[in-house]
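Following are the structures in question.
Look at the two complexes coming up: chain A is in both, with chain B in one and chain C in the other.
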Partner chain A sequence: MEIPYTVRPRPDTGLANPKLGIWLFLASEVMLFGGLFAGYIFMRLGAEPWMWPKGWLNVPVGTFNTFVLIFSSVTVILAWESLKMRKLFSYKVWLGLTWVCGLLFLTIKLSYEWPAKFHHFGAYIQKAAKEKYEPYLGNDAHVENGAMIDGHEARKGYPRLFLGGHLDLDHDKYAMAASSVQYVAEEKLDAVLKLGKDETDANKKAKLISRRDEILNTIVIRPDDIAELKKEPLDPKKKTEILHRMNTVHMHAVDAENAKPYDPENDKAHFVPRDQIPVEHLVLDKQDLIAGHGPLVPKLNTYLACYFMITGLHGAHVLAGCICFIYFWLPIKGGSKLFYTNPEQLLNRIEVSGLFWHLVDLIWIFVFPIFYLL
Partner chain B sequence: MMGGDYLNLSLYNMAQDHAHDAHGHQDDHGHDHHELGFWRKWVFSTDHKVIGMQYTVTGLAFLFFGFCLMMLMRWTIAKGGGTPLPGSLGGMMHGIFGDDVFVNVPGTEGYTLSPQGYNVFGAMHGTIMVFFGIVPIAMAGFGNFVMPLQIGAVDMAFPRLNMASFWSFFISCVFMVASFFVPGSAAKSGWTNYPPLAGIADLPGSLGASGEMLGVWTNGGTLWLLGMVFNITGSLLGSINFITTIVQLRAPGMTWGRLPFFCWAQFITAYLLLLAFPPLESAAVMNLFDRVFGSSFFQPSGLFVTQVATAANLVPQYSGGGSPILWQHLFWFLAHPEVYVLILPGIGMITEIIACNTRKPIWGYKAMVGALFVLAFLSFIVWAHHMYMTGMGPKVSAFFQTTTIMISVPSVILLTALLLSLWGGSIRFNTPMLFATAFLPMFGIGGLTGIPLAFNAIDLFMHDTYYVIAHFHYVVAPGTIFAIFAGCYYWYPKATGRFMSETLGKIHFWGSLVFINLLFFPMFLQGMAGMHRRWYDGGLAYSNTVLPEYIKMNETVSYAAWALGLFQLVFIFNFCYSIFRGKKVPNDNPWQATTLEWDTPTPPPHGNFIKPITVYRAAYEYSVPGADKDYTPQSEPPAGTPIVVPAPAH
Partner chain C sequence: MSDHTATASHVADTHAQDAHHGSLMGHAKPYLVIGFLLFLFTGITVALSYVEFDKKPLFIWAFSKIGVTGFTINIVIGMIVATFKVCLVGAWFMHLKQEKMVIWRPLLFTFFFVAALFLLFALAFSDPIPTSSHWHH
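Moving on, here comes the complex of A and B:
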């Protein structure tokens, strides 16, 4: 049994099966990313102005990555062309460059762009607590529009309620983990500690105690604090100390726009990691923060949710493309050895995976401006 | 016409030559010379017929499972929440599903469905019936088995992709079934899975009824989404395969105008799946992000969640800023075309069966094909008629009301053409034909009762009532499921070489027809009286707003449902028994049909046809005046034609 038209086109449709298949697949991909971009539009239109950040991404790095991808789209064409001319060596060079570019793109994404966000801390201040953090927010609550502060004009517009910076990781290795825990009221902690205390049924007691430990593990990050809380009797002074530690955030290096909020330099788009910023120490009370606080992860706001989801899914596509190209590049039966037995089929494979690669590239052409530039 | 055939033949020869030089490098397909082992032949098979049967059997099992969930729900609807299930059934169910779903009725030994369990079963009934029952059977099952045979292909265009789509579907089945057995049980927020409820139900860290904590991944809501992602992926791969196969692998002479209507229906359906499913996949991924990483795609600002069961509030605090309406848009952008994914393969099967059993060509074949195209196009721009309650404003709703009314035109064309096809036929009322005939009025009732719902003003009142339930169940249950039964009885001889029992088939048919109407018709009345579709105790708690007569109807409906369940046992028995003991088919074409699937040996071997197939005529040449018999197979050359023998197939 032989399935016809796997390599040569069917005369009346002018298509080989894989080519039609990949175009259909690309159509569904367009719809998939269409759904995601629809999500982005909804999120962005629905966001309050101060919730949608600007300048969190590194534009030069993003631009570099864009060119890497565009370049790889050119090399894949050249690989196809070399194969069409039956030049194996140049095929291997161009295709090799293609997947190297793909992997370079992913490396930059995963070793630099994404981790930069995990090491940064951000918090939205509740409107009620705005006064308290006013010097770091740079709102014009106290000054008239156009008044001069530090030699700069006071800014107008929406109140800023976002504080960003780095946590004191040198002194406290638990800082990042603890920072995303929500505010825990004293009564709640008491209720948790009481779990299973007065239970007489041994079986039930064990269950409740293990439940208590589970909860403690989620809200108290330091093991020694957990041990302290489990002690009987509990030292009330220690408890207050632990509660305080749980319920505050110690920001070691505040972002430039929060450290010097009136400096017009900070109005420009800038990037998350800043080494040259003035070190300023700031203690945030978790009670003053709204739900969105912690590392710059999808949980923080819908911008980051969109960012991680769309760039993540796009990255998965880049990875898939790279795997295909490496497979066609390696001297194995389905790969470049096919050159000697059935070059036409290898050509088809490169054409089909190249079409996919162009779509991945095209999607990035949309992703780049909507996240980095707009 | 004849010249065209010769041209096609020469093209075919050319293609065979090409196939020659490809041969030898295509080792993947060269293995059919020796017998495959059990695992490669029946489990990890790339043969479209085996995959079709795998889909059909899995789908039928899920169809029955989903039906059983509903039969259990009907108990509390009929009797209220305080009556234990009869006999040891309650205890048994409690043993299987646990405390999250079944609770002890105070003061008795028995168990009954808990309100939470009712939500679980309601959500899973819908999900299973639509995504795990009907689509896998009607589209993937019958499509895989019948379509390549009907177009004269050796297999699907991408056999390994075909296997991948089945196994992707299978993984999704595992997720869905497993979700019943995690703490907190399966998803509870309806088959539509509307947020914000869908985002906060079954939250990780909350406690199930038995006191166990729900995991981050192992909870009903998350497993539902994972299951959907795999299910959708399988559907997408399948639809790519279907379209490519129909475009590329038609036998020589099988022009578009000669394509059997079933293949047309599969072709259009595949396009619907291909373009409508990805937005739901993206929505499912966003929802997964919400549930697992705590993002807020669908969680609005100011959403407060209180956890009664836990001392500490471990609920992920949503940043807010998301849009629940976004989910509805993305969901219904799939789910309205999905309605046609459910019905079109059914109409395709019915068309084949009606043509064969009336012994005359389908009336208005071209109009029907045109109607399919219009239907497919329009189905993409009607989705928001499911969302009138979101307060979309008169301008937007005017658009969607208009398109919704427009889409009834092609639907009526299809139905009318099938109805007129009966006219003047010498009808053979065998079991498949009985189901096919019953399909017409049943689908008619389902379709016509949808027209009032298209209007905003009526829908605001009818929304989420039993009227809606009755409307779409008439389309899908006595509609598509009857078509599936018809298809089972009709193609069973081709798949197994034996007929299913006619007597049992007729018992199954008449029982199903009577009780399915007793089941769904009263729901129209209940819905118009204001009964809401999600009431746990069948409206007892709302007896001051609904007249008692309508609440009493619940019992009639429930008894009808259980009786319907009994009659399905006849089908299950017939299906299993006939494999071994059914009447053997006298020849390869027992129904004396014209289409190509009957040109194969019975059951068809790997590779399908033993001779090269060429098509000479349209799909339904029944009772052609002057012909020697009342059917002329598509592969039969016109009298007096010199027979051109194509190059032998490999």
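Moving on, here comes the complex of A and C:
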């Protein structure tokens, strides 16, 4: 079927169909992201004074990515102008630069920014256990000094409970994976190990044994520990050792604000991210941690959930834009070959995809300050 | 896929003739200026986020008039700069400056509803029943 009015304006609207179509789509996109931003700002303002993470993202990298995206918004306009002037070579250069910038943006995000979060450990300490970790949390001094955090006086009711840093990954390659496994009580492990032990029916026994293995695989990370636990008879000393390994987190370095919790620098924003400070074997007992501890992934807190959700959705838009541009750039029938048969239609395609690209840029203009700076 | 190729190529030719005059950079000048402004204001956004507005008496006074205190002053200022940048992109890059009413009309609805969305969330902060407020545990 031939799509009508792809180039000529429709008499009643005065516009070619793709243009009206893309604007209606962009309007729905504004509503989508508007809802997400409104939700985010609501949670940001509603958070207890010093509970909202600040300085978790790398501002110089975020700023560079903002420049990349703005630059690509300029190049797509230049591609469109070139096409209007019927300069094919110039069109290909500018459009090529546009999608290269888009891919550069995504590469930085996916190969550097996101993985940095996955290699960082974070945990919230249970209020009842905060005294144990006081040297890293520094709540008492804040309260005694009547310290101001974000313009609010520090109060006993809202202690700083977050502990972040790096795990001893050099010594244990399973450390990060094990860190996100929640506390396992000895009785629970015993119950799991008992599964299928006294069963006489072979069929039922097999089922229970496979259930046991399934659970062990989710609560014990090291394969050699799993093998050890399955041994009969089980060495009680080994079991205690494994349980201890499962239920503790060994930290190798902590974030600057945990290393020096009384330092007024903690309450300032920093352009260059501060280094973690090595610590002598800090062991966290998982019983003292609020569920969800582990790498900085969405389940750790609301900030990360919003961050990954919104930047992920934005990233998907960048990818979609790049795919369109590569298609229009390649010497294929619907791409730059269209220049020879129907240049005006190619011009329309670039205008419409360019409008989408500007919206992607526009969303980032909001994403950047609210997540990286504020 | 094109409708009436003859007409289309006619349109294309007139367009091409219009555009052939002058160099690409001559035509692109306004866009380059806007691009430069966007770069500049990105730098300004970053710089402003490090200013402690909640310690500057003038800003404390001015923002207290609209009930904004503490670090929220920085958030509001950051959002104002971002909105300005977005207006630049919309007006020049997306050509909304000279766009037809057919496009403006649905967009005005969108702006209205997005603003309503933000205001609805803002209502949550003015809890009319003091004892139920989530600020006091």
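Assume the second predicted complex is superposed on the first by the 330 of 374 C-alpha atoms of A that agree within 3 Å, B and C clash if a C-alpha of one lies under 4 Å from a C-alpha of the other, contacts with A are read in each partner's own complex, and residues count from 1 in each chain.
One rule holds in what follows: contacts are C-beta pairs under 8 Å (C-beta built on N, C-alpha and C of every residue); 3 or more make two chains touch, one makes a residue touch a chain.
These figures come from a predicted structure and were not determined experimentally.
Student: Tell me which partner A:25 touches in the superposition: chain B (first), chain C (second), both or neither.
Tutor: In the superposition, A:25 contacts chain B only.
Student: After superposition on the shared chain, which partner residues are touched by A:248: those of chain B (first), chain C (second), both, or neither?
Tutor: neither
Student: Name the contact category of A:184: first (chain B only), second (chain C only), both, or neither.
Tutor: first
Student: With the two complexes superposed on chain A, say which partner A:345 touches: chain B (first), chain C (second), both, or neither.
Tutor: Once the two structures are laid over each other on A, A:345 reaches both partners.
Student: Report for A:13: first if it touches chain B alone, second if chain C alone, otherwise both or neither.
Tutor: both
Student: Going by the contact rule set out at the top, does A:373 touch chain B (first), chain C (second), both, or neither?
Tutor: second
Student: Answer with first, second, both or neither: which of chain B and chain C does A:211 touch in the superposed model?
Tutor: Only chain B; A:211 stays clear of chain C.
Student: Going by the contact rule set out at the top, does A:126 touch chain B (first), chain C (second), both, or neither?
Tutor: neither
Student: Identify the partner contact of A:84: answer first if only chain B is touched, second if only chain C is, both if each is, neither if none is.
Tutor: In the superposed model, A:84 contacts chain C only, not chain B.
Student: Residue by residue on chain A, keep only those touching chain B in one complex and chain C in the other, then list them.
Tutor: 2-8, 13, 15, 20, 24, 27, 31, 34-35, 38-39, 42, 46, 342, 345
Student: For a test of understanding, state which residues of chain A touch chain B in their complex under the given definition.
Tutor: Chain A residues touching chain B: 1-8, 10-13, 15-17, 20-21, 24-25, 27-29, 31-36, 38-39, 42-43, 46-48, 51, 124, 182, 184, 188-189, 191-192, 194-195, 207, 211, 214-215, 218-219, 290-292, 297-302, 304-305, 308-309, 313, 338, 341-342, 345.
Student: Touching chain C in the complex: which residues of chain A?
Tutor: The contact residues of chain A facing chain C are 2-8, 13-15, 19-20, 23-24, 27, 30-31, 34-35, 38-39, 41-42, 44-46, 59, 63, 66-67, 70-71, 73-74, 77-78, 81-82, 84-87, 90, 150-152, 157, 268-269, 271, 342-345, 347, 355, 358-359, 361-362, 365-366, 368-370, 373-374.
Student: Once bound in the complex, which stretches of chain B touch chain A?
Tutor: 8, 11, 14-16, 18-19, 22-26, 29, 32, 154-155, 157-159, 161, 205, 207, 211, 213, 236, 239-241, 243-244, 247-249, 274-283, 285-286, 289, 293-297, 301, 310-314, 316-323, 325-326, 329-330, 333, 606-607, 649-650
Student: Can you tell me which positions in chain C touch chain A when the two form their complex?
Tutor: Touch residues, chain C against chain A: 1-5, 7-9, 11-12, 15-16, 19-20, 24, 27-28, 31-32, 34-35, 38-39, 42-43, 45-46, 49-50, 52, 54, 69-72, 74-75, 78-79, 81-82, 85-86, 89-90, 93-94, 100, 102-103, 106-107, 109-110, 113-114, 117-118, 120-121, 124-125, 134, 137.
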